[in-house]
Structure formats: structure tokens, C-alpha cells
Amino acid sequence: MDENTVNNRDEQEPSKPSRRNFLKNIGLLGAGVAAGAGALYSGDIFEKKKAATGESKVLLTQDNKLVEVDSLEMRVLAKNPTKLMLEKGREGIPGKRWVMVIDLSKCRNARRCIAACQDAHQLKPEQYHMNTLQMQDSPGTAPYQMPKNCQHCDNPPCVAVCPVDATYKRGDGIVLIDNIRCIGCRFCMAACPYSARIFQWTTPKDADKHNGEAYNVELNVPQKLGTISKCLFSADRCREGKLPYCVSACPNGVYYFGDENEDAVTNGTSKETVRLSKLLRDNGAYQLMPELGTKPRVYYLPPKNRLFPFEPSTD
Amino acid sequence: MKRPFYILLLIISTVLQAEAQNPAWIVPDDQKGKISLLKFTPDMAKQGEVIYMKNCQSCHGIPTKKNFAAIVPSPGDLSEPIVGNQKDGELFYRITTGKAPMPEFRNILTEDERWTVISFLRSFHKGYVQPDPEKLAASAGRRIKLSMVYDTAKRKIMVKAVELTKEGPRPAQGAVIVLFVQRYFGNMQMADPKTTSESGYAGFEWPQDLPGDKAGRVILSAKVSDPTGSMQEAVVRDTLSIGVPTDKPALTDTRAMWSTRDKSPVWVILTYTLAVIVVWYFIIYIILSVLDIRKIKELNL
Amino acid sequence: MDKIISDLSHHIRLNKGFFLWMGFLVLALLACTYAYILQLRYGLGVAGLRDYISWGLYISNFVFFVASSLVGMLISAVLGLIGLKWVHPITRIAETIAVAFAAVAGLVIVMDMGRPERLANVFIYARFQSPILWDVTVITTYFVISLLLLFIPMIPDMAVLHKRFGSLPSWLKPVYKTLSLNWTDHPEQNRIIHRSVYILLILIIPAALSIHTVTSWLFALTVRPGWDSTIFGPYFVSGAFVAGSAAVIIAMFVFRKSYKLQDYLTDLHFNNMGKVLVLVAFVYLYFNINEYLVPGYKLKRADAVHLSELMTGHFALMFWIVQLGGLLIPIILLLFRSMRRPLPLTLISIAVFIGAWFKRYLIVVPTMSHPFLPIQHVPENFRVYTPTLIEIAITLFSFILVLIIITLISKFFPVIPVVETARDKGLDPLKRIES
């Protein structure tokens, strides 16, 4: 305290330090310190969470199972289902790191993935979480169809710029959006190099029908005017042990989805489960624009030995 | 002018292609007679519904609701007579083998699970009477019992097949065994199927780099896969601690630019806070001292 | 002495011209408010923005406003601290422009939000890593510092005008009395003001550099071609000086004409401001060359698309008009003394000012128009951005608001510092107050 006082005097009125000014300085400094402490405290909460473990308690669940719960993890359930889902949606599924593999040799632009996705997420026809793009890397190389969704980057540029923690990355790798909090600044759209994000510019599809429904952050429905949407790796389905909507809907076996920690991905069409590392190695897998350092969680298998000829779509 | 023509051509060719690619789905005669050895009960239908919802509903919709997916060829509503009039063996064959775009469920659902789904579907088919399983039980093929151990020296999973005969158990030679390891979205087949030796053993190389859970546990299942039907299906499941113990931290465990506010890099918090404190300290100081101007006159009077 | 006071304060009266001008501004503001109400009701879709070009007019305008507000720091702090006496009559004009543009810049960014009613979230959930929090912080800070720099040197003027009220509107008297803070020209009072202004002049330099550097980071912290640049900070700051200097020159001309200040804003001031403008324009030109030549030499894939769209493609016409008419030709013209006389200089400044606005558009929109991956399977209006009438009206709203703020400040307070001008001429109006 003495040291602070001396400093303040120096900054203020070296010639004539009045008693009033002196007190004022202390007050000012106090306010400053409080602001700084507040900022640091928020960081501290995280450290504490990491370090401390409470005692565990044994509880009886509704389906008559005895479960052991860490008392720090227990919380009283709020009556508000939206809030409940928002809280649950912030926590990833423990031990998982979701990964998607897209086999370009099998895509013939059937667009069933898109239809299933738009249906699940209440999207209009021109709104894409998943879109198939006609690509041609250079004039001499062959064109191909490339399904493109959010890459759920491990270094997500979109999440970095969000001013309000509305979009966030979970422990299991999924990048989600909390549209109860989103302010609609669209900085994330500008930051995303994959153009993965869309915005609800006008009243979302079937807004009247879904008006008043609880908001499910893992499905991002009902969609909200003036907020962001994008591919969520079907976080709701992953929780239930089901493959994402697009993956299950593909008739051509393009998609694999699974858990990197298990080293296994399951094909959405054949339901065959294969080793991720072998699939990537044997097929020369690559990622989209890895030079940007975004570390995507989506891999592509190159379009060689194609099952279908390239057909340009009409639009 | 050109465009409508092109679209028309596209439609015609698509239709023709669809026709060409979809010859009738014929079930071999010897498969048609296959029946369930389990009695279809309402309980079983309920279990079947769970399996159906997870594996079939995304294309076929909910039976009687006609909300199946718009795919070519159409998956159809499975409560319709076109399905109801088929024999149990036909349905079983179709589920087992699949036909693009319908997946093959041979290795996704066990035989019992497939029959359970059929029992669910039969609950919608009016006038269906189940053939008596008792009568066929006798001629249903050889009964096999499986067991597995991990041979640490050979680094192999040894699956043993034992045939249960009237004379007692004896090693079953020539049984085709498939080994699976359970993963989050389904069972992953390990290596190619192996045929049991004279002593009833089939050995599977165990990859040393396959991740298990935190303690290295993996759930394995082996089953008899006999295309001729001379052996009844048999399954064994076991949990072995032979995987690589895997306990990767959550991806959000470190402080990062992209992480939440609570996990902001310390230097960002400090720089921001310090800058704000320093600048606003001076601003507030100036405001207060300027307000002091009012007092000075009185002091001098 | 009396002449100085009456010359510098005679415009403070509610005349017909003022009511006509304000009436016009308020009506226009109301019309444009209706456009914003439409946007509130139907969503941002009433603007021409869509999923790929998701930032457009509003963000360009925001950058422009932040840029224009930067001139307060250039004139007051940089030129003032060097000790150039000729800037004294201009400082208040510069600070007025700074305050008006900085205040409205905050509003412009709210107009671009999809959920303006959730503005408080920016403070509640403030994320230290987001440049938006930095931007909000520095703009607020800069606004407050500019406001103080406008007000504090005005305290003695308030006292003078209060004592020697003359024919000013009577209701202003208590306002001046309050704002004069019982000023008696006591040495201690002078000391406080002198020291406060000095600290603020030093403080405003990092604050001003921060606001435009952080604003440039809204773009430069992404990986998109055209934005992914390390010189964006100084590039934006130098561009801001160009826009701001032009704005000050235009304001000087208007005040000189309508408030009859020819004796105080002389040809010398215009000549000097012309030199300032040509200097900062040269610096800006230098950064422009860096910004286009370096990627243009290498032609990395995405940069090549960006540059060809700018220079020969969809944006070529606007690009060349802005670069030539808004920067290169003004630089050449301003090298001649005759072009730095009030009228030609003002005309050139108008061209520079308009060019500066479109330059911001050219920084924001083309980069969004060609992302890394192709734009496919979407309606035509997703590919090509055309601002709508509503969007233009909302943008006009912000300009009208700036004009209203500048008009009000300049109408009720002396545009040119009274006491400072008198002292520069060796007079002291306050001595006479005491007696």
C-alpha cells in the first residue's frame, strides 16, 4: 500500500499533494485493481475447475440405477429446458474426438446428405451446412464433386474472433453455436476460410411452426433470425450413438464418421467400421488448405478410381 | 433453348439408368424357408422397435406413417402388404445382404437382432402367423459354442469353437469365425474371417496399436458366420485388457486464442487489463482534477 | 479585443438558416430511421448482404467513420505537440469532427448487428481474445479523450462568453456558466488545464493509433486474400489521416463561409492544411503501393484472383476512379500552391473524402466476394452484392447524425478558440473580466 501511494503521488501532483487528492488516488487505484482482479479471476475459475475434485456422492437415477457422481459435477436442474440444453451442449462427450472422412471417389452429387441436413436443421434450400462443390484444382486436372461442411478445426479462426463466446469448441472437437447469446456480428463468417457459416438474414424456415419451442443448441433449432448457423457434426446424434444426418443419408458410401481416439470410423452407407489410420494411410488422405494452420477434423480421400463419372450440375 | 433439352435428357438418362441398375431383388429359394427359432412376442417386437429406430428409420420411416426417405429406389413403408406378404426367410435375407443403397446388415446386427427387427415389422402385418419354431429346431444345424482367450506369447486372439452334440462337446472344425471389436458407432471387423482348425481354434493376429479405453479394455465379439447354414449362429463377447490405454485430454484443456474467455491466454488478459487500467486511470484523474477548477476560486477569496 | 470575441461568437444565435438546416437534417434523419425500423423488424435481409458477402456497406462505413475521427489526434496531438501555432484555430474543428465521427461509429456497428438488442452481451461475456472487445474498448476510450480535448480547452472561452454575454441567446447563459467551472483565470486553474491537456495529448496518440489499428485487425486477423496483410495497421492509419484531413478542410471552408471567419481561417491555414493533406496522401500512396505490388508480384492463387477482380474485373471501374481521382491526381494537384487556395483545396478535399469512402468499400467487399472455395448452388444475389435502398438510407442516417452533432457543437460554442486566439495576438480577454 505504501508503495502504491508513493507511485500515485509521483504520477499526480508532485508539488502539492492535498489530502483529498491522496484519498482520490487510493480510490482510483482500488477501482483499477478490482477491474484487473476481476479479469484475472475469470481465468482463475478455469484453473480451479481443472485442479479441484469434490467428494463423490451416490445417487439413484430415475431408471433405478445407483450412480456415483462427483459433487462438483452435480447441479440442480433448472426448469428451463433451453438452459439445460445450453449447459449440456457446452460439454463435449468425454474421451471423444470426432472425425469425418469424405471419400471423393464415391461422390456423384446425389445431394441426399444436403437434404437430410437441411431437414434436420430447419434450413431453406439455399442454406447449406453441407454443400457439394464442383472443384477443379488446376486446368489440367480432372473436376470432381466435393462435399464441404464445417471442418471443426482444432485451431478454429471463427471461434477465436467471437466477442461473446457464442461459438465455442468443445472437448470432443465439435464447434457449436449458442444462438441465445449470438449478437449477429458475423465476424466468424469473415474469419472462416471454408465459407462454412451461414446467417439467418430473414425469418428462418417455418419460424411460425417452431415458435416458442425450446432451443436445442446441439441441433441449433429452432433457427433464430439474425444469428449464425453451420454444420454441427450432428452433436445431438453423436450423443445418442448415431451417425450424423448427412453421413446416414448418403446412398453412395462417401462418408465415414467416428472417434479419432478409438482409431475407428464407420461408413454411413455400409455401416462398416474401419480403422481410421489405415483408411487415411491407404488412400492418401488430405485436408482442406492445411497451410492455413486451422487443423481441420475433416479428411478427404482423393477422387481416384471413381465410382461415378463427373457430371456438372445444371446450376 | 439448350437447357430444357439438356434437362430432359438428364431425366431420361437418369430413369433409364435407375432401371438398368435396379433389376428385381431375387431371394434364393433355399433362403426363403429360413425361419426364426425365437417366438415372436410383443416384448420382442418392442426390442425390435429400438433396433429399427436406430438402424432403419432414417430411410424407411416409421411403419404406417409413410414417412420414408425420398430415395430411388424407394425404401417404402415396411407395414405395407408388399412386405407383409413375404416369407420370414425373404425378409431375413434382404436385411442380411442389403442392396445398394440399402446397407448390408450381416455384420451390423446379429441374427437374433435381425429376427427381432422382423418381429417388430410383423406386428404391423395383419393376418401374419409365425411358423412354429419348435418343429424346425431339430433340423436347424449344428449347435456351436464359442469362447476366446488372448495368447500373450503369440499376440493372438484364440477363438475356440466347440460343437455341442448328443455325445457331449467336441472341437468344431471348419467353422468360419469372424472377430469384431466394438467401437462407438458399430463393430469393427478385425482381419479376415478364419476357419477353425482340427482342435477347434481360430487365431487372429492382434494389432498392438489398437486403442482401448482408459484401462486399455476392448470389447471383442466373435461369431460363427456360416453361409451354408449348416451351423447355427453363435456369438461370444468378452472384455479384454489388451488395447492401448487411451486417455487423451479434452481438446479444450489448454489455454488458447480460440478458447473460451476463462481459458484466454494469460498474456492477453494481462495486456488488455493493464492497458485499460493505465489509460482510464489518467482519464478519470483528469476528469476529477478538471472538476476541481470550480473549487479554486473559493479558496482564493 | 471586443472584435475577436464578437467575431468568434456572433454565429451563436438561433437564426432562420439554422432552423431550416436543422429541420432538413431532422426530417431526413426521421426518414432514414424508418429504414432502420424495417431492418429491425425483418432482419438484416433487407440489406443486400448474404452468406458470402456478409459484410458490406455498414462495415465499410464503420471503417470510414473510425478513419475520419482519427484526424483529431493528428491535428491536436501531433501538430500541436510539435508546437505549430497555426493549428490553434483548427484544433477545435478537428476535435469536433473526431467526437462526432467516433460517437456515430459506435452506432454504425450496432446497425450492422443481427441482434442489436443483445449489445449488452459484448460486455457481459466480453472475450479478451476477440478484436471486437478491443475495438469497443479503444473507440470508447478515444471518444472520451476526444470529448475531453474538445471541452477542457473550451473552459476559459465559456467564462469569457458568460461574462461578456452580449446578444447571445439568453438560455445559453446558465449553460456557459456551468461549463465555465467558475473559471477566474487563476494560475492554479491554468496549471490544471495546461497539465490535463498535455497528458491528454500524449494519451490520445496511442489511443488513436489503437482504434484504427484494431479496426484494421478486424480484417487482418483473418486469413482471407486482400485482408491477410501485416501492414494493414499503418495502411489504415495513414488512410485515416487522408480522410480526416480532407474532412477538416471541408469543415474549415464551410465554417469560414457561413460563420464569416475569413480573418481567422486564412489562406495560410488552407495552404498549410493542403500541405498536411499532400504529406499524408503521399504516405498513404506508399502503403498502397506496398499493399498491391507485393502480392501482385508473387500472384499467389487467391491473391491473383483478388487483384484481377480489383484491377480488371468487377470492381475495376471503382478501383481506378478511387485510386486516381481520390489519391493520385489530388496529390499531383496539391503540389501546386495555387491549388491550395481555399476553394480549389476544398474541391480537391471533397474528391479525396468521397474517394476515401469508396476505398473502404473496396477493402471490405471484394475480399468477401471471392472466398477460397467456390460459391455454388446459391441464388445469384449471393454471388454479387448490391446494396439496397434501405441499406443506403441507414448509411445516410449515420452521416446525417454526424452533421447534426457537428452543427450543434459548432452552433452553440465558438468554432475557434477565443482565449487562445487572443493570447496568440498578445491580448488577454480574461484580465478584463476580473476588473
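The first chain written gets the first letter, and so on, giving A, B and C; residue counts start at 1 in each chain.
Just so we're on the same page, contacts are C-beta pairs under 8 Å (C-beta built on N, C-alpha and C of every residue); 3 or more make two chains touch, one makes a residue touch a chain.
Please read all numbers here as calculations on a predicted model, not as lab measurements.
Annotation of subunit A and subunit C: jointly contacted by B, touch as defined at the top. Annotation: A-B is the more contact-rich of the chain pairs B-C and A-B, by number of C-beta pairs in contact. Averaged Cα coordinates give subunit A a centre that lies 38 Å from the centre of subunit C.
Per-chain CA centroids place subunit B at a distance of 61 Å from subunit C. Separating the CA-averaged centres of subunit A and subunit B is a span of 23 Å. Multi-chain contact residues of subunit A, defined as those touching 2 or more other chains: 39, 157, 160, 165. Shown for subunit C are the residues that touch two or more other chains, namely 125-129, 133. Multi-chain contact residues, meaning those touching two or more other chains, occur in subunit B at positions 257-261, 264, 269, 272, 276, 280, 289. Put simply, subunit C touches subunit A in their complex at residues 42-45, 49-52, 54-55, 109, 112-116, 118-119, 121-122, 124-133, 136, 218-219, 221-224, 368, 371-379, 382.
Interface of subunit A with subunit C (complex): residues 39, 126-128, 131-135, 148, 157, 160-166, 181-187, 189-191, 193-195, 197-203, 225-227, 288-289, 292, 313, 315. Of all the residues in subunit C, the ones that touch subunit B in their complex are 125-129, 133-134, 137, 141, 144-145, 148, 152, 155, 181-184, 186, 188-189, 192-193, 195-196, 199-200, 203, 206-207. Across the complex, subunit A meets subunit B through its residues 11-12, 21, 24-25, 28-29, 31-33, 35-36, 39-40, 42-43, 45-46, 50, 92, 94-97, 112, 115-116, 154-157, 159-160, 165, 168-173, 241-243, 245, 248-249, 251-252, 257-259, 261-266, 269-275, 314.
The residues of subunit B lying in touch with subunit C in their complex are 257-261, 264-265, 268-269, 272, 276, 279-280, 282-283, 286-287, 289-294, 296-298, 300.
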